[in-house]
Each structure stands twice: as structure tokens, then as C-alpha cells.
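Note that the chains take the letters A, B, C and D in the order they are written out, and that residue 1 is the start of every chain.
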Amino acid sequence: MSLNTFGHLFRVTTWGESHGPALGVTVDGCPPGVPIDEGMIQHWLDRRKPGQNKYTTQRREADEVKILSGVFEGQTTGTPVQLMIENTDQRSKDYSDIMEKFRPGHADITYWQKYGIRDYRGGGRSSARETASRVAAGGLAREAIRALLPGVQITGYMTQMGPHKIDRDRFDWDEIENNPFWVPDAQAATDWADYLDGLRKSGESVGAIIEVVARGVPAGLGAPVYGKLDTDLAAAMMSINAVKGVEIGEGMSSAMLTGTLNADEIFMGPNGPEYSSNHAGGVLGGISTGQDIVVRFAVKPTSSILSTRRTITKSGEETEIITKGRHDPCVGIRAVPVGEAMMACVILDHMLLHRGQVGENRGKIG
Amino acid sequence: MSLNTFGHLFRVTTWGESHGPALGVTVDGCPPGVPIDEGMIQHWLDRRKPGQNKYTTQRREADEVKILSGVFEGQTTGTPVQLMIENTDQRSKDYSDIMEKFRPGHADITYWQKYGIRDYRGGGRSSARETASRVAAGGLAREAIRALLPGVQITGYMTQMGPHKIDRDRFDWDEIENNPFWVPDAQAATDWADYLDGLRKSGESVGAIIEVVARGVPAGLGAPVYGKLDTDLAAAMMSINAVKGVEIGEGMSSAMLTGTLNADEIFMGPNGPEYSSNHAGGVLGGISTGQDIVVRFAVKPTSSILSTRRTITKSGEETEIITKGRHDPCVGIRAVPVGEAMMACVILDHMLLHRGQVGENRGKIG
Amino acid sequence: MSLNTFGHLFRVTTWGESHGPALGVTVDGCPPGVPIDEGMIQHWLDRRKPGQNKYTTQRREADEVKILSGVFEGQTTGTPVQLMIENTDQRSKDYSDIMEKFRPGHADITYWQKYGIRDYRGGGRSSARETASRVAAGGLAREAIRALLPGVQITGYMTQMGPHKIDRDRFDWDEIENNPFWVPDAQAATDWADYLDGLRKSGESVGAIIEVVARGVPAGLGAPVYGKLDTDLAAAMMSINAVKGVEIGEGMSSAMLTGTLNADEIFMGPNGPEYSSNHAGGVLGGISTGQDIVVRFAVKPTSSILSTRRTITKSGEETEIITKGRHDPCVGIRAVPVGEAMMACVILDHMLLHRGQVGENRGKIG
Amino acid sequence: MSLNTFGHLFRVTTWGESHGPALGVTVDGCPPGVPIDEGMIQHWLDRRKPGQNKYTTQRREADEVKILSGVFEGQTTGTPVQLMIENTDQRSKDYSDIMEKFRPGHADITYWQKYGIRDYRGGGRSSARETASRVAAGGLAREAIRALLPGVQITGYMTQMGPHKIDRDRFDWDEIENNPFWVPDAQAATDWADYLDGLRKSGESVGAIIEVVARGVPAGLGAPVYGKLDTDLAAAMMSINAVKGVEIGEGMSSAMLTGTLNADEIFMGPNGPEYSSNHAGGVLGGISTGQDIVVRFAVKPTSSILSTRRTITKSGEETEIITKGRHDPCVGIRAVPVGEAMMACVILDHMLLHRGQVGENRGKIG
């Protein structure tokens, strides 16, 4: 059973609440001999960290990671790696409002209905702060991938914010790090800044679509029929707070294609099979083809907004609520590094699994 | 590890190849005392069975299920239930073509690259025939749900075929069983029949979108943060052959909503909380709200088509292939009962898990 | 969850009841490319088969195994292997006695208390017939081990029957196959035959101790701290019907040793480390040392005996019972191939796990 | 996969090394609403704590536990509970000796062979300090059991130290807390003190046998056939450092019994079935009978002793070693609270599992 654990062999268990003393992640199954230190993980955490610009929550968290176990003299030892992030800005405030009322769109009501008790401070376990633990694990996963198979590159970016989509003709990998939205389209970055500014000032929020691409992943990863690479990616992304849809390759649009258009034709390249297109998103029958692995997911708008919404109290009385606080107008922005982290964990997991499951007699072509 | 197993406590392991002697499913964790016989499972298998009309593959399989274990005097005993379906129409044919060539869009090439050996007859393990095992397990899950919690209803239907979508204003639950596409829209059924006929005659295929709804599911099911109800549903649906996208509630479109529009407001009804809308698809924070659970998934067009496609052989030579055979012009049709089966398995699993995980002190409202 | 499943990556799920239509085993995670056919598995099943001599139950079962999936053209494909054994000698008899009464020492009463329903015919799921499935899986595991790492030898034998122990000075590997008890001591074989004959004629039964040794297992297998090689072996053996104790190496007697005596000293041999002794049973810190893996387990006497025992009925009335039928005077005899099978499954599982978990940078000595 | 995780639904993942900054345990699956605070866990940790008398290691560790997550206002919330113990007495010393040499009887050589890197300071992950994490988890498990089912009592004690066994006729539950060995026999406590003093002064060590009894456990716990209650107990105990044998009820001695003697007869008592004896140790067919659950395990002598032992270095040279340091002359003493903790975890896990797996239609008797 693994209700707070993700992965088959690279096992990631996140723990902690938004306003508890700390949160973190227990990673079991990391291969030994991976060079790692706190700075290498901090690098990725800093990308997700709140309060970096006006488009993300103004909560100020250092998000400083400590390695408590599993690393010796700068390398993993094969034993569990414990990564802890202490909470430092649990601003003392009055929680009496959300203690009694359920915020619409949040998990307040369902946690109460399931558990009969909930840590209502900042959303407790259902807070987006939980994703810091994922990013820490993803940082470790990236280093393990690098040690086992240099050349894999995992990159996330936004492709849509509200009604605004990127222009694929302007797609530029180098642009992604140049703007606060991780958008691969310089024009979009400018336009979206104005749009989001308007939303932010009016206390409104909006959804987004994030795409994560893994390049350099070899063919053969993925374990049919319930540990398929795309199945695990779908679960990984859907498990992120506020995600409501996941697509692989052509995604929902594949419903509109004909078989002739959809089937990526195969050619023989200098280093093995090549494909005329990538409608499959790099996965056939749950197994990687060697093409780019392409995953997209939709993040719903932040539920904490300044408009008055109708709701009920624990005692069943109808009332209203305005969710004040330090919130993201587009939580999808900070979902980009989270999606990257989940991709890294899944890819590493399947690299390990592939070794564990099969023999060395893999199919050669040509 | 559970590469061919699905579920936490209701554990479904499918086994078997398209052209082997049999296929089936080992179900471990079914509660004892559930009334069941072969006819009750056969009922659901018959819906998925090929060869029932001109819109599905003409392979003729009785798909007759046998219960080999776990049932005694008409009730489950709490021990593993083995359901076997013997293959009877493994038509003897010449496989030399697909033995050497990889069919584009199929898993031929990736199974070869992963395993170094593949049962190429009819797709082997990656054949859609594997889903018969799922439907059998789903039939058992439905009966277990009925025994534990009468009132849950699980219904799937098509909402889109190629470019054609249903008209939500004409939505009629009773229409679903009246047409070969399980479409809840009589007009669409008529229109789509013509459309699909045309595709079929030209040897073409097309994709589809299926929606599955579970009504009557109580609040509280789902295990944050990696065994969320929607996470498990996403994995369940994405693991079905040919599925490329999964949505919960508003799905990918939630990217376009503002926070004010998206957050379903809460009221107090006579039997507990009620909501103004269901953008959430019945799940908040990974836990069911008591509303309808709404899942959609896209099925890509059947990759076996009569047009010539370019591909390569095992020895790396470029060539062409036409996939003759008995195929579905829209494999999405037969995905409807499969999606229902996966929904049933997930719902039952979380009903059992909810008991196992938590105490009896669940939150009351009002 | 894996209540009827054993193993991490080599996943063995047994199913079936003593008097149902069939029983078998679903093996998920067998590496591809392992040469296998029904005869190779049948070889091991024949060793466990009942009715072979007067010291085992006279039930006549062909125990003929059929491979239903996962094998193509004489090799495993990496997909689930389904092995089925049809029950052929479910002798029609009157079960009214054991239907109402609980047999002391059997699981009748606990299955009833747990499940509220039980297949009372021949013990149902708790029958020793379940171990046929294990032996079938063990046969496959042996072939996979042979394919991956030739040189591993797994051998079980009896070391004690009732009060009679083997003389370690007479230990002879070649003697094991020469007698009906798999005893590595020719003198003991003769003596025990007389002893057991006496017990059998009086309708009595007796316990036994079985030792299983794996030779040729490399250092490095075992996953601390809860997937230790000895932990998994303890679970494997204790899960066999009627087993009440498990020992690794020195076992329970290690309580009597001093530290000086117990710690096996280490030397450098031509092929790596060698040890002065093997009190550890080939496992240190849960990881194999390269020495023989030595496991022992105690099997309690068959509970079905011809003496009258006091018991109660389902309705709570006190009564008496004599368990007539076709039973083993020393069920420990047939536990020998079962213990071997479990050893094979655990060793293979950890071979696969070792690949999956760690990198290639394993520690070299010298 | 769960290489550092124990349990099906009550999931205990221990992490940390002997001389790292901290160690601890991530507990996932604890029911919500269990009253808990640090003091309640500290109570059990204090029993295992080193340095309490001259018979245990003189390392001084406060072993002070901190709850980092999963508890809110004095109750568990159903989310992961993180328990951390900071290491405070990682005495700065010269490790150059054990850095290069493998200590016989320790896991030094096997960790090196498996991982190619090891934290040699104090044994790293294979140190007995890892069991502090288990005791912390066990403390939480005890409180959860108390909340769900008051009346269960779990008690461990020593029954043998070296050649000295307790006299069962002098067995006294109340004596257990009165002596440093947790021996239920006042006379033995006195005798053993002299014996162990002698060993300690000579730098020698000795093994022990611990028995753990759970009283008040209801019938019906345990999940055949691989999640049997006794299977899980065997795994739990064998996973403790230095354990080499596990027995349930009659244990290894059951080999010597006849069927007539072994089968516990059943009677009808005022509250349900009662038994004439408990050779079964409270488990039949893997399911609890309602009798006392009786488990015994043997702990080998501490491998760190003051006698010179022969060994090799990493570079393969033969050499000698004396393991100086702060060690336990009989590590079995501190294994008593560890055994209790493992029993508590297993019992709670099966209480949760029983709910999750089966319906409410359990078998009634009478």
C-alpha cells in the first residue's frame, strides 16, 4: 500500500503539512553512488519557491533542504534518503474563519468528511506546499538519471494560460528561463504578464496548461499493462494538486484523428528507428519508443480568490466566504517545476525497473 | 511490484495473449459473501464481445468466462477469484508479414525493443483482447459494490467520434443502450452510423472520447496524496489500450476558467452538502465529494488500417505494410464497457481502502 | 497489497481450492527469454505429487500443469505466465461432518471466523494442495535462475522426523534422491521408514524439520532493512502450510553462542572472500555473503489423524471428530519440494531486485 | 516495492544511519483521531535507550523524538506521521580501522559488496540504532490499537540468555519490569546478572531468546496465504538486526510432536471458542484464533567483541581486528522493546487490513 508513496523502485514518500514544523520526502530505492549535495537539490527547489515575483504567492519560505540520511561523503549509499524542509513562515494568523467554513474548490470539506479531523491551517496536507517535497525528490532523481544515463533532458513549460495559448511557430527552448511563466514564446510572455496582472489586481485567478518533455530517453522503458510509462505519468501528473487532465502526445485531440494520420510511420536512421511524427508522445503500448516523451496537464485556477463565494460550515449552516491570504493568481506557474520533478521520478523509476524486470537479451533492430 | 496488477486492496491481475490458449484475470481481495455466478460476469463480457455488429471487429469469440476459484455455492469466499476465457477463434493465418515488420501505431516495435521476444500473433499481450479480462473483473467489482453499497450506478457512453460531438441538450440516459455506439443522443447515433460506415468501407479508422460517470458514490473515497481517487482513475483509464488523454470533471478546459467560475459553491441539502455545479467532477483534493464522479478519456484511432504505411523490419530495412485483418473502425466503441469496468474496480477498491485506512470517526456535517 | 502474492519483482500469485475445478499460479515479472516448457515444470511437480508411496496421501492427482500464457515458441516473453493444474480426483464424498464441525489444528474455525463462508471440501484454500502452485512457480524460477546465473543449486532435505535427527557425519548429497524422505543419510532413511510405518498404521502423524540450501549464490543479494534476504526467506517458509518455525544458519541455537564463537572469520580465497565457518547461514545484515544460504523450517504434524479429538460445531455445540481421509502421516516429506520452490522464488526475486535497485558500481574486494 | 518499508496498510518506513544527523520513521496509514503526543512515544523509546545500565552500550543518546507531521491538536489526522530522532552522541573518533577492515559478523562486507559504498561510522544503516525508529513506530501503533480496540496487551521478555533458560514454573508477568533483562523470573534475573557481568568484563558477548505475547487479539486477523499473521510476524522479527530464528507457538519443537499432541482441542466458552492448549501460538491457517499470539526469536551474540578476529581489508589483504567501542554484551536485552514494537505494528496492520479486505458478514459461532 502506498497512499503517500509514488513509484515502483524509486519510492518517493512525501510527508508534512503547510503549517507544521517541517515537511519533506523519504526516498527509498535511489541507486548508490549518485553524487549529491544539498545545493544540487536546492537548485530545483528555488525554482518552485514562493515569493519570487509578483505572480506567485507572497508567502516567504526559504525552502531550505537538509539531507538527513542516505548520503555519505557526497554520494548516495543506497539507503533511504531523507530530505527535510523546515517551515519558517507559518505566519501567525487568525484561522477561525476557515476552521469552521469549507472553502469552495479546496479539499477542506472532503478531508473533513474522510478523516473527521483536519489541519485547517493553510490547507494542511492538501496545500500546494506538499509539492516542495516532490521537487526535492525530483532533484535527486535528476542526478541519479544523470549518473546512470547522461543525455536525458527534462523540461517543462506553460503552453496555455486561461484562453491564451503559445504560438508553436515561435517555440524557443532558450526562452523558457527568460520569463516568470516558463513560456517558450517571448511574445506570449509579454502578453500574459499584462493579462495576469489584471487578474491579480482584481483578486481573480486562472488555470493553465503545462507541457513536460523528456528528451534522450531510450526505447524500452515502461511496463505493460498496468505499469505502462504513460499510465505512471498520468498518475504522477494527476496526483499534483489542482490538476484535472493529463494528455500524452496527441492527447484528447487524438479522438479527431483518422488512423492514417495518427500512426507515426517508421524509418531507419543512423542510430536506430526514427519516426515521421510523434502523435504517440513517445510511448507505444506503454513502452518508450526513443522519441521525446511528451506529457501535458491542465491546472485549474487557484480556488483562493477575493470574490465572495457561498459555502457551508461544519455545523451545516449556509454562509459566505472570501479567501484572503497570500495566493497565486495562476498556480499553474509553480506547477512547471513540479511537473518536471514528477517526470524525472517516473523516468528514473522505469530505468531501474527495466533493469530489474528483464534480462539482457533485449531486441536489437538492424 | 504490480506490473500486470491494478488496485490497492481489490487486486486485479490480467494475464494472457490474443492468440494463446486462454486469457483471464486473477482477482485478489474481493470481499467474501458477494453473490456471483458466471452468468453475472458474462452479462458484462457480452457487451464488449467482438463481432456483434458491423462496427466492431468480425473476429468471433464466445468470450465465455469460467470461474475457477474463489467462489463456493454462489458466493465469493474471500480467496482469489480466477476468471478464465478460452480463446476459440485464433484463426490460423499467415503471420510472416507482421512477424518481421513492425506495424506503425502498434506496440510491435516497443515490445521487441523491451523484451527481445514477442508473440506477434494478433498483437499478443498488447492486443485489445486483454481488455476482456478487465471487463470480467469489472463485472465482479460491480456485484461487490452492489453487495456493499446498493445505489451506486456506473455508466459509460461516447461523447465524441472523430469531429462529431454529442449535443448535451439532447442527453438521454435511456438512449445509451439503444444504439451500437452507446451514445446518449439519438440524433448523434444516426449521424455517426453513416459517418462510421463510410470510414469502415474505406478501411479507415477514427478516434473517440468516452465519458464514464459513477452516481451514488459517497463522500470520503480517495487516499491523498498518491492514491487519490482521480489519480487512480487517471491511471486506470490511461492503462487501457489506445487511450491518450484522461480528464476529471472540467478536464483540460479548466485551464480556461477563472477561479470564480471554477469553484463549485456549496449549499446544505436535506441529505448533506450539495453543490451549485460540478466542475470538480466529484473529486476535491483526491477525495470524493458525493457528487457524480465524471471521467473522460480519448481513444486514438485503431492503428490497423488498410492504407499503406511505411515502416521497418526487425533487421532494420525500410519497407511498407498494410494491416489487413478483422479490426474495429472505431475501437473507442468497445472501450465503453472497458472504461466502466475500470471505474467499477477503482470505486470498489477505494471503498475497501476507506475502511482499511481510517477509523469510524469520520466527519459529520450538520 | 498482495495477500495471495509473494515476491517483489518475481510476483507469484497462487489461486485455487482443494476441490475446485483447478488451481494454479499467476507469475508476473519473469524475465523474457527463459527457455521453458510444461515438461520442465512438470518435473518438479512430480516430486511433490501425492500418492507416490505409502508415506504420502493416497489422493491420486495427475497434477498436470498447463501453460496458458506468457510463453511463446518455448521461451518466456516477459508477460504474465499462467500455470494451471486441473483437479481431477475431487473424490465425491460426504462432507456433512466437516461442514458443521471444525477440525482441531486445521484452519476451519479461523476461515469461518474471518470470512463467514468457507469452502470446507478438503480444506478449500487452506489445503496443502495450494503448495502445488508454489512448486510450479518454483520450477519456472529455477529455469530463470539457470538462464541468468548458471551454477546456483537449490536442494532441500529432511534433517529431523519426530525425535529422530540425521547424523551430520553421514551427510551425503547423493543419498537425498534415493529414499522417500529426501534424507541425506542412508541409515536414517532406513530407520525412519520403520518409525513412520508404525505411525501410519496407528493413524498417527508426526512433525519434521526440513533444511534447504542454496549453493552458488553470489554476494550482494538482499535488500535491507525490510526486504532482507533472510526476512524474505523467513516469510516464504512461514507462509507454507503447517510451518511453525524458521531458522537461518545457526538459528535458535545462536542464543547459546558467544560472540567469539559466532562471528565467522574472513579470509581471502582465490575467488574472493572466504569464511572459517557459516554460523550466519550465508546472510549478513540481510545481504548474501556468497556462502551457502542455509534455511531450516519446522513442519507441525498433520492435523488430520485417526484419534478422536474434541471440538465444537458452527452452532457452538461441543462434540468430537475423527478426521478420516487420505492424509500424510508426515506432511513434512512433501514440504521438501515446496521449501525448495520457495527458496528458488526468493533467490530469483533478489537477483532481479539487485539489478533494479542498485547501480553497477558494486564494491570490489582486492 | 518496500525495501525499507514494513506493513500493508500501516506502512512503516525507517530511515537514517547510526552517525548521521538524525534517524526516524515515516508512518503512513495511521488511522485518524488517535490521541498521541511526543511523550507517549518517548515512553517506549526510553525502554530501548542505550546507556541505562551496565548491561547495555554506554553510548549516551537522549533518543528524543519529535513529531514533524500528521498530528494536529493532539490527534493523528490520517496523513503521514514523521517521527525524527536527532543523533547527539556521534562521538568523534578514529574510524580508519573499520573504514578499511570488515568486522566479522557485521554487515560491513556485504554492504560493501552490494552497494560499493558504505557509511562505516558505527555500522551506518546496519547499526542497531535503526531499531529506535521501529520502537517509535511501535509506540504510535500501540496507541492506535488502544483507540480501536482497548484490551490488547503486548508484552516481550527474555526466556533465554546463552545457555540459561527461564523456569516456566516461576513465570511472573509482574517481574518483567523489575529487572534489567525483562525476565519474568526473579531468580533468573539474579543469576543472569552475574553471568552477564562476567561476560562483559571479559569483552565477550552472548545470544538470547525473546518471547513476545499479544493478549486480547480477536479471532480473524491474518490474510492467507502470503499475508498470514504468522508470516508477517516471522518477517517482522527476522528483519530485526541479529535475529537468526523465529518461532510461532510450539515453533521448531513442533517437529517432535505427534498429531494427537499437537492439535489444540476446541471447547465452547462463555465468550466463544476456547482451546485446551496453545501449541498453535494463536494462529491457525495464518489467521488469529483469539488465543494469545506467541512469537519467539533468537538474537545472535553481539559481533563487536574484544577478542581478536581474523578478517580482510577492502583491498583483499588478510588482517586482524578487535572491535573496541561502546557495545552491548547481550544485544538481546534491547531487542525486547523492539520485538514488542514489531508485534504492535503487525497487529495494528492486520486490524486495518481485516476491515479493508472483508465484509461485515463474518462467521459467528453459536
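The rule is simple: a contact is a pair of C-beta atoms (placed from the backbone, for glycine too) under 8 Å apart; a residue touches a chain by one contact, two chains touch by 3 or more.
For clarity, every value in this text was computed on a predicted model and none was experimentally measured.
Q: Could you work out which chain's C-alpha centre is the most distant one from the centre of chain C?
A: Farthest chain from chain C, going by C-alpha centroids: A.
Q: Across the interfaces B-D and C-D, which one involves more C-beta pairs in contact?
A: C-D
Q: Any idea how many Å lie between the Cα centroids of chain A and chain D?
A: Taking the average C-alpha coordinate of chain A and of chain D, the gap between them is 38 Å.
Q: At what distance in angstrom does the C-alpha mean of chain D lie from that of chain B?
A: About 45 Å separates the centre of chain B from that of chain D.
Q: Centroid of chain C to centroid of chain D, CA atoms only: how many Å?
A: The answer is 26 Å.
Q: Hey, what residues on chain A touch two or more of the other chains?
A: If we look for residues of chain A contacting two or more partner chains, we find 1-5, 8-9, 14, 29, 32-33, 78-79, 114-118, 125, 224, 353, 357-359, 361.
Q: When you draw the chains as points and link the ones that touch, which shape shows up: line, ring, star, complete, or other?
A: complete
Q: What residues of chain C sit close enough to touch chain B in their complex?
A: Listed in rising order, the residues are 1-5, 7-9, 11, 13-17, 20-24, 26, 28-29, 32-33, 66, 68-70, 72, 75-82, 84, 114-119, 124-125.
Q: Looking at the complex, which residues from chain C come into contact with chain A?
A: Of all residues in chain C, those touching chain A are 1, 9, 29, 31-34, 78-79, 147-148, 224, 352-353, 355-359, 361.
Q: Looking at the complex, which residues from chain D come into contact with chain C?
A: 1-6, 8-9, 14, 102, 104-107, 109-118, 125-126, 130, 160-163, 199, 204-209, 219-228, 230-235, 237-239, 241, 244-268, 273, 276, 279-281, 283-290, 296, 298-305, 307, 309-312, 314-318, 332, 353-354, 357-359, 361-366
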